[in-house]
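Handing you a structure now.
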């Protein structure tokens, strides 16, 4: 995760939010972008396919498949809901793997990006800590591995600031030695909205690209660089100060629209600007004084660990047939 | 630390910031409020005396003495600067004790407010963990205590949400049993400005009052309730979302003032409002949707521990003559 | 938890182990001590009643009721087994409360003894962190509390070395202010056997006494001192070096007995000594050189948190009728 | 760090202890082994050169150079002593590098072996967290790097049980991508004596070999495998239960020798055995029942972090000329 100050950045790592922003400019239907949504009482699941360059440019995200699970009540510490989300994540992830052609025998390397010692950045290392690894059993005692398991390994490589080495280079070295067929990269993301922090999970088959707002990986964790497909699983754990400011202005304008038809009297030109223009303005003010800090809810410590467990449980069930997708919690501590 | 949604709150626990806000309405000189400032290359030290009810009402803080150390570079992990701040804190605190009539023999109970498991709220418990306690030596082997030490004890009582008991009641019970002459309460504060987070230390002789923005202590840690003087040491570790929004608007208006004389064309009525009015407006929008969350810089984990060490070192040197105020670091781990 | 170097100490905080030792001297039936045992595939539950002074002297434990749950596989990280133990603990604890006359309305204060920052001593504070507290709801909004709950509060008072105040005095102060009808004290214990570490839970209605091997509480957490009944829940998390040495000698002698009738030729006088005499000899050698340290398995970090969750879940279900004793896990995170 | 149950193991990772054991069998002078010792009030520094196969076989350690710093008071939390040890470590390490021909420009990769989440195994990851890395500055802005620094990178690769990949393979991959000239591997060791735990630092130019008692690295972190020299820095943080038992027996025999000439009457055949024979006997008894666990002092949490800081400070000063070897502490947090 790192600061992305590129001029036209929409300041979100979530394809869903990028599409919402694009829709506010282009209208609901964006050529080259296909979305479908399913929801129940607890969660909304959105599948988005960015089919071509046109869609990619409109949304500002790469061509590929994105799944987003939004679970507004996920911070309420309800362990039944957490189990339900892990189970659903397992099912969606499993289907996702099939759709992009990953077989049940494919060997998997899970990479936990981020810094263990910075709470909102610790998601990746915590998933690595909790996920079930099996590769060494296949290597050391292949005849004793039960059917229904595949080879899974997991590494938390650290961040550039503490290792001095580009994360993508470390991962490349590990991929070359351990020869997985698929890399799954877990990372903390930045969202536009505090309410999405620790309530949303995004799966994408686009890899992780430098400048996509997920940080310090100039060379990217991508199929091109690593030679194997890369699936990214991300959870927003921070928001930029500029997006909080901007979305508050939105709410203020909406608020007064209910009271007067002439909001421009109150908000002046701010009222007429579209969201991107205003965000750009906010950033112009905040960046030079170093105020566009990433911010995080104060009680985040309590949620990161729960979220890491949900993802670890979901991955365990999705990756191993022998693990029951209807009862994922029993296999993770 | 807790949310304070009272209608006219200035949203800051720092007397310094409250005074700045008051000055923006009343002008620099506020009757009943006396301030003096000293500064060097590394820090600004402000002593404020709120002398009477008039000053208290104008600033929105209680009658009493306040010292604020502002050290803008304190997040740069410079251990020499940290030692310098601890040493200066020791000197200022020592003088502060003398001025309010606390003798060198006075027995001290240090109370670390806050929740160990919520990073920005862990300052108090961390100070308790690092401070030197001596009371048990005086109780168990009084003849073996070297001269130059006084009786110090330290407790982190927890927060209402995890104990089920008002913190002030727990402290009252401990004061009754252990009979200190002075209580020093350490707490994490909310500031108006992200740049003050973990760079500012406030000392006050007013105790900690319910509704003063430092939370869940309906009965207050005050001389009235506990029967002994209470000195509060606080460090801002969070800001309210509403104050980030508001101060960004300020910066935007200032920004455009340099380019056009007619900022009201850009900002409409927002431009003409004073800070309190606009803040009130922002809160009206954010509170109902639960968005006025406290926020904290993402890398706060790394600073809270350093700050706790500085305060523990400073207290050790201020409280015990035997500890050299010029070399405070050697006595704390 | 602290070192107990009293001359005739049996070096165990577990009544069960003390009784085993006594039986090795006195034979299986000890006057004044009544035990009954139930077991299934996963656990052995022993209820012991020390009825009178004679039994107390023979065993070296106080008159009172003791329940011990031994679960040899509890370190295997099997979450189903953990749920089963929490459920059984809830049932046993609930019955225990009834038997000693604690009503469903009795207000409970849970005290987590020990030091959060020393892993094997962190059990008590971790239980406090995880247990459900309700007292503040009864105080602040009594009409909104659902039926089936009682008033529960919970405090981790710290240890003498970090607070400077006797733990029993802090607890006494809190009891006087918050007026519970019952105190439940959670503490880490010392066992004679590494295999009991983190696999055994002891419940006792005797309170916690100075010199009973649970440390630094000269005045004791007892009905006499606090004015309300005190139930202790303990888990062995450390063993003394001397007991490891001694039990190894036992195993060596047993080992050679299978090979030769003349073990005294191999072990000399060591062979003829009873366990207490030999332990005394080991301590005489280890204590002066400071080697009778408490030791702990290297991977203890991973078990303490699981054990704290089991106890918190068990207490939640035992203390509140509204929490289903057959599904304890859903209520604790 | 892992269990090494090979039949003739001396159960120590310290060359110094292995040599002491060998001396108890062979006498003080061992052909092919050269040692020299320097000491002051606070520490003993032993340099050992195992010159040839004969010496290697006698001691049970590889041919190479070993330096051991023993600092008995290092657990007393004296920050002046800690600084002194870091400074001395820097000097010794610097000399060691010169002696084995490592230049000031050599690029260094520091590998922190072990498991962050198992306290006595966390030394390596903690050093990585605290050490100064510079490689990325050389890569990203080479003209801005001040003179007096060299390229340093640092990775904590995890352990086989949590990654599923041999640690040596991960390191090999990182070495191939980042091309250091030297690897420094930090690891927690097992000692024979509780008093050496967290008071001793060993430097060796032999690399880390499978079966040398430092664990789960079948292929070894060695010059042969990695293609660059490997220096190991180790600190004992655990002891085997069997060595505690055995050294206690030693002390008992010594104890009684002062009282009687006929210790064999007391200890039987145990008395006549040499240390290796008796240790073998103890292991025969403990291993089958799984009791030969590694054990650790209960308060280890407090020392591991201090030790990691000492090593990180020492390495910073030894590796960069620009860092003053007389004032190492200022550069580490």
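Points to keep in mind about this one:
All chains are identified by letter, namely A, B, C and D, in their written order; residue positions are counted from 1 within each chain.
In this text, a contact is a pair of C-beta atoms (placed from the backbone, for glycine too) under 8 Å apart; a residue touches a chain by one contact, two chains touch by 3 or more.
Chains and their UniProt names: A, B, C, D = Germination protease.
Computed from a predicted model, the values in this text were never measured in an experiment.
More inter-chain C-beta contacts link the pair C-D than the other of B-C and C-D.
Of the chain pairs B-C, C-D or A-D, the one whose interface repeats that of A-B, sharing more than half of its contact pairs by residue number, is C-D. Mean C-alpha position of chain A (Germination protease) lies 44 Å from that of chain C (Germination protease). Inter-chain centre distance (chain B (Germination protease) to chain C (Germination protease), centres taken as mean C-alpha positions): 41 Å. Per-chain Cα centroids separate chain C (Germination protease) from chain D (Germination protease) by 36 Å.
Residue positions 117 of chain A (Germination protease) each touch two or more of the other chains. Of all residues in chain A (Germination protease), only 116-117, 128-129, 133-136, 139, 151-158, 160-166, 169-170, 172-178 touch chain D (Germination protease) in the complex they form. Residue ranges on chain A (Germination protease) touching chain B (Germination protease), taken from their complex, read 1, 117-121, 194-195, 238, 241-242, 244-245, 248-249, 251-252, 255, 264-271, 281-282, 284-286, 289-291, 293-302.
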